[in-house]
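Here's the structure we're looking at; comments come further down.
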Amino acid sequence: MSLVTVQLFASYAESLGRPTITIPLEAGGTVRDLVENIRSLPGAYVLPESPRVAINRRFASPDQLVDSRDEVALIPPVSGG
Amino acid sequence: MSLVTVQLFASYAESLGRPTITIPLEAGGTVRDLVENIRSLPGAYVLPESPRVAINRRFASPDQLVDSRDEVALIPPVSGG
Amino acid sequence: MRRVAIVSREITPAALIAEVQSAEFGAISLFVGTVRDTNDGRSVAAIDYSAYTEMAESELEKIIAEAEDRFGVAALVVEHRVGALALGDVSVAIAAAHAHRGPALDATRFVIEEIKTRVPIWKLEHYIDGGREWVDPSQGRGVISA
Amino acid sequence: MRRVAIVSREITPAALIAEVQSAEFGAISLFVGTVRDTNDGRSVAAIDYSAYTEMAESELEKIIAEAEDRFGVAALVVEHRVGALALGDVSVAIAAAHAHRGPALDATRFVIEEIKTRVPIWKLEHYIDGGREWVDPSQGRGVISA
């Protein structure tokens, strides 16, 4: 079990009330596992069925492994431009 | 028979040596007739088979009638931009 | 000339044109996005833009590299502004230059379309009626209303 | 804002942007054509642009009216320069604004493509090697060489 720091932005940061959260994750845990663990937090109703996750500043697939040293972020629907 | 003043531009003006020419045209003459009459001038070899002609600042069809009071111009291949 | 930046100051489109301009290019295409006074029928008062800056710059770098591959456009500069923007303020500017017009125009369109789908930047719209909403193009409406 | 002009002074692209910009529009697209240092493999020294000015302005007016019909773009400004232009000088600028990016980009591309086929403006290219040629895109080369 390790702790993963996850950056939040925009509507996610607002709904979960913080810009970063720390989430426990089993060794060998994936992006999918991480998201499931986040769902138990208050305000996590804001997350869609498959929120986009970035690992080390790249979009990650649900099956990608997460390491506690990774830079992890939840990416709300983008609306730049 | 009337006289039609025709404006020339760019390569046409250079080849025919003048910015305007005056061309005789039978009453009821068309754009096609006008172009045929221009072909006898020195330098008219520069004209393609169907040069574009503008009447009153609009592109004209070969069958359009030409009046001596019209503003007539021969339009070389355009290359603006 | 290739450059991307997330900035928190005013964007000057003419400066981007000057950056990509060169006598080897015959065509420059510039796209400018500005804060509009209406969205989805509501009167907008202002927009706060925020970004995951490091990833946004990284994604923008990838996008212009892809544009270079696809369209052969070697001169491409993108700036996106974050912070509190007022009506009419420039939020994004993209300048592309090429020997010919086709690739310059194609590259500009490609970059703005990609920005809209994959660059982590977000808009919080403030409305004249006092409401605010996180813009969510995937929903047609924002996810949080007030 | 709709305006076309054949001008014999320098074109300032930023001025065209300012002309079409408005808080009701979220997107501005600008195309700028400049004098390139190479054409068809020959080194260009300068270009003389000439026009049948009255008809060129009339055709430009028709083109932007067509762009308005097709794309719903009400803010569209076009300037084309004539006279002796040096390398890098701006020969043409087109600015279009719209609530959304698609129509603004479409309108800009439409206008430059139409200019290339139907606006009576001509280029006489002067080359580094001393030659000169009337540019004729329909031939791939000019019609008169020297």
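Which chain is which? They are A, B, C and D, in the order written, and residues in each are numbered from 1.
Methods note: contacts are C-beta pairs under 8 Å (C-beta built on N, C-alpha and C of every residue); 3 or more make two chains touch, one makes a residue touch a chain.
Small disclaimer: the values here were computed from a predicted structure and weren't measured.
S.K.: Without subunit C in the mix, what are the joined groups of chains?
M.R.: A | B, D
S.K.: Taking each chain's centre as the mean of its C-alpha atoms, which one ends up farthest from the centre of subunit D?
M.R.: A
S.K.: Can you compute the centre-to-centre distance for subunit B and subunit C, using the mean CA position of each chain? Integer Å is fine.
M.R.: Subunit B and subunit C have C-alpha centres separated by 49 Å.
S.K.: How many angstrom between the C-alpha centroids of subunit B and subunit A?
M.R.: It comes to 72 Å between the two C-alpha centres.
S.K.: As a quick test, compute the distance in whole Å between the mean CA positions of subunit B and subunit D.
M.R.: The computed centroid separation for subunit B versus subunit D comes out at 25 Å.
S.K.: Of all residues in subunit C, which are in touch with two or more distinct other chains?
M.R.: Within subunit C, the residues that touch at least two other chains are 33, 101, 112.
S.K.: Give me the residue numbers in subunit B that touch at least two other chains, ranges are fine.
M.R.: 81, in rising order.
S.K.: Judged by the touch rule stated earlier, which pairs of chains are there in contact?
M.R.: A-C, B-D, C-D
S.K.: Which residues of subunit C touch subunit A in their complex?
M.R.: 33, 49-52, 54-56, 58-59, 80, 91-92, 112, 115-124, 134-139, 142-144
S.K.: State the interface residues of subunit C toward subunit D in the complex, per the touch definition above.
M.R.: Those in contact with subunit D are residues 13-14, 17, 21-38, 87-88, 99, 101, 104-105, 108-109, 112.
S.K.: Which residues of subunit B touch subunit D once you look at their complex with the stated criterion?
M.R.: These residues of subunit B touch subunit D: 7, 9-11, 14-15, 46, 54, 57-59, 73, 75-81.
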